[in-house]
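Below, each structure is written out as structure tokens.
In the two complexes that follow, chain A is the common piece, with chain B as its partner first and chain C second.
Let's turn to the complex of A and B:
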């Protein structure tokens, strides 16, 4: 077997495809299998919460079992995102900061909610008051903890705006700011139990999700383009031939 | 060539910042849409709650931001003409008007909260604090943008006209969003 050339893009494509597969799987697991997204109402009373867990019993158990297995893929994904910052003309500190902050992201981004929902689904005969506690804990940990993503977006934004290698267009830097600002908008979910600012509200969830999906599609597209343009040098990335 | 004069398309600053303006425009349109929808469902409650707002303070705040837009436009114009000293002065003047807005807005919030008009008082108050709060956050970022513009203007080695205009575009967006928020929250009754 001949070794791959040192400038092989194979590893980068593995990282990129991991991102694409993961996000699709993430949508499938959270929206279809566990049916925890879009989030249910925060105002359910304990008996309704018990019914909510009952209706999703197997989806929660099997769905979050898969989530806990694939959660480790985030390491490869984060490394791919951090790679874009290492290819820029900016300090390595940006990539390091991003890696550290996103190493925490799997906790509020899926694992805490997964564990809480699984605990609720595992013993459906538990006291409804306890089930209600688990329900609040699950959704507040997931919908209300956006600080990690806020800082991550800002780190990426500053890196893109300072970069002189043209790894990403500057408008993507500003799109990071848009995304970061919508992470702030989620904060009222800690206070409201109904209406547009609750964790399932039009502003705290629906509009944010619209921005997040747009942001994700954009950065996946730009990362793909970056890999196509990658020349493994240290100067400006060459443009793609038309 | 078809004989027509060539039209050079031009937007002030980086076109990338205009993409930001457009995207933020979409996001705020969505926020405003939710507000108008909620208001249409409880018009009496919104009208009653709106009475807590002082239209005069809202108008004063609007004037402060309009003045800041005027001075930042003068900053850009002066920089284009090479009058960097005047441009820097106008950038600081913009900061001053922005600061006037900031202090006035903070004072308005404090007075309203002391009167019991808090974030969770009713549906209108939630929208009021949310929209003015997220706008306030944009304003704080605006001070960073102005600082970048001043940093550019102060040294002949830097002085990127494009970056100065990009920062000014961001600042105008703050004003633009405020005028819409002012119209929706204070004026529309």
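Let's turn to the complex of A and C:
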């Protein structure tokens, strides 16, 4: 098997670097600039919600403006991950399902939260009861939209487990299951306003985020190894050079 | 019937779509004289309660509700042209398909907020103001998928290294210029007045004219590419 010329992988590297830069930027925007992560308590009363928006006024307005500019980068990221499934010995249905599910996921995954936080921050003198509704809309759309990530992870899991081309190790299939399960345990966030199951709780948020960060670091590493080994054949990937 | 005939049929929906979009744009009283974010809740409520405005708001937004997604077949045609480019993977065409799903959904959300505000104009003015804010912020600031679409297309064209590339290099440059013109609109929520506000020169006029220009230019470029593909297929037959 002859190695493909180095620049033949540029599409894959563009996708991979977009993923790496984006996830770092995502962390910076959500944890540092907008300070919307880790999430605040769901139990704040309306006047505390007004204060919460007041404390983050510029961070929310400018931070989510940047999210609006770069948010579409998810398209090339999800296309790259879908390509990993095209490389597997499975039906194209897996890649197509993953692509569409995650294209939808961008909305509850960050854009709706951006719209809600912007609308909340832009008029600090709005009726506090409505500010409280905006606050719930922001965090529940973000934390409480589960199906896209649940089904998306399961699609990837099944593809990895069925694949005979060795694109990803089988244990990564089960890590997808862990990510899917975090979306199951977050469901009580729609019911509880405090405690471990609330949207900022130990189970609904901290464990969830721990698994998500691990999962993301792992798939970025595995994807990089796939690109390094890629020979654009249709059969098994060649072994990674030492 | 050849495959390209069906594609040309889809492409010819574009001029019709253009007429409908421009008509709906002119019909909506909040666009011709873009509504200012500085209006009070009572003034916003009065805008929706005005018996001259109300039917125009509803009918224009019903038109957008029907035809807002009309651009998706055109984006699908662009994705197919990307598949003809000299690439090693389908990543760029997949990415355009992902944008085609995201962008119109954002627009649909804005459309729903406007229609909801117009459904019961007698509602508490604070609620009408909230719906109006949600509509305008969603419509104005959510340019991410459009920017991504332009940048991805520019990259795909740039990497299409073959004797006769599918699109010429200027199409890539044009897409990058349009992407740059869309960026200021992302800051719509951060400015109540001036060029960045949602009724401002950059956010409203430059952005919407750039989108309109992109649709017109890409329609022509796409039409030429499909024609060329068709004549190549006929020559080969």
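The rule we apply is simple: the second predicted complex is superposed on the first by the 235 of 242 C-alpha atoms of A that agree within 3 Å, B and C clash if a C-alpha of one lies under 4 Å from a C-alpha of the other, contacts with A are read in each partner's own complex, and residues count from 1 in each chain.
Here is the rule we go by: a residue touches a chain if its C-beta (ideal position, glycine included) is under 8 Å from a C-beta of that chain, and two chains touch if they have at least 3 such contacts.
Bear in mind the structure is a predicted one, so any value in this text is a computation, not a measurement.
Student: Counting only touches as set out at the top, which of chain B and chain C does A:190 meet: first, second, both, neither?
Tutor: In the superposed model, A:190 contacts neither chain B nor chain C.
Student: Thinking of the overlay built on chain A, is A:170 touched by chain B (first), by chain C (second), by both, or by neither?
Tutor: A:170 sits against chain B, while chain C stays out of touch.
Student: Contacts for A:104 in the overlay, against chain B (first) and chain C (second): which applies, first, second, both or neither?
Tutor: second
Student: I'd like to know which partner A:70 touches here: chain B for first, chain C for second, both or neither.
Tutor: In the superposition, A:70 contacts chain C only.
Student: Given the superposition on chain A, which partner contacts more residues in chain A: chain B or chain C?
Tutor: After superposing on chain A, more of chain A is contacted by C.
Student: Quick check on the superposed pair: does A:31 touch chain B, chain C, both, or neither? Answer first, second, both or neither.
Tutor: neither
Student: Check whether A:17 is in contact with chain B, with chain C, with both or with neither, and answer first, second, both or neither.
Tutor: The answer is neither, since A:17 touches no partner chain.
Student: Residues on chain A in contact with chain B in one complex and with chain C in the other?
Tutor: Dual-contact residues (chain A): none.
Student: Along chain A, where are the residues that touch chain C in the complex?
Tutor: 4, 8-12, 14-15, 58, 61-62, 64-76, 78-80, 82-83, 86, 95, 99-100, 102-104, 106-107, 111-112, 114-116, 118-119, 121-123, 126-127, 130, 133-134, 232
Student: Can you check the complex and tell me which residues of chain B touch chain A?
Tutor: 14-17, 19-20, 23-24, 27, 30-31, 34, 38, 119-120, 123, 126-127, 130, 134, 137-138, 141
Student: Which chain C residues qualify as touching chain A in the complex?
Tutor: 37, 87-92, 94-99, 101-102, 105-106, 109, 126-127, 129-130, 133-134, 137-138, 141-149, 152, 155, 159, 183, 186-190, 192
Student: Considering the complex alone, what residue numbers of chain A touch chain B?
Tutor: It is residues 169-171, 173-175, 177-178, 181-182, 184-185, 188, 191-192, 195-197, 202-203, 207, 210-211 of chain A that touch chain B.
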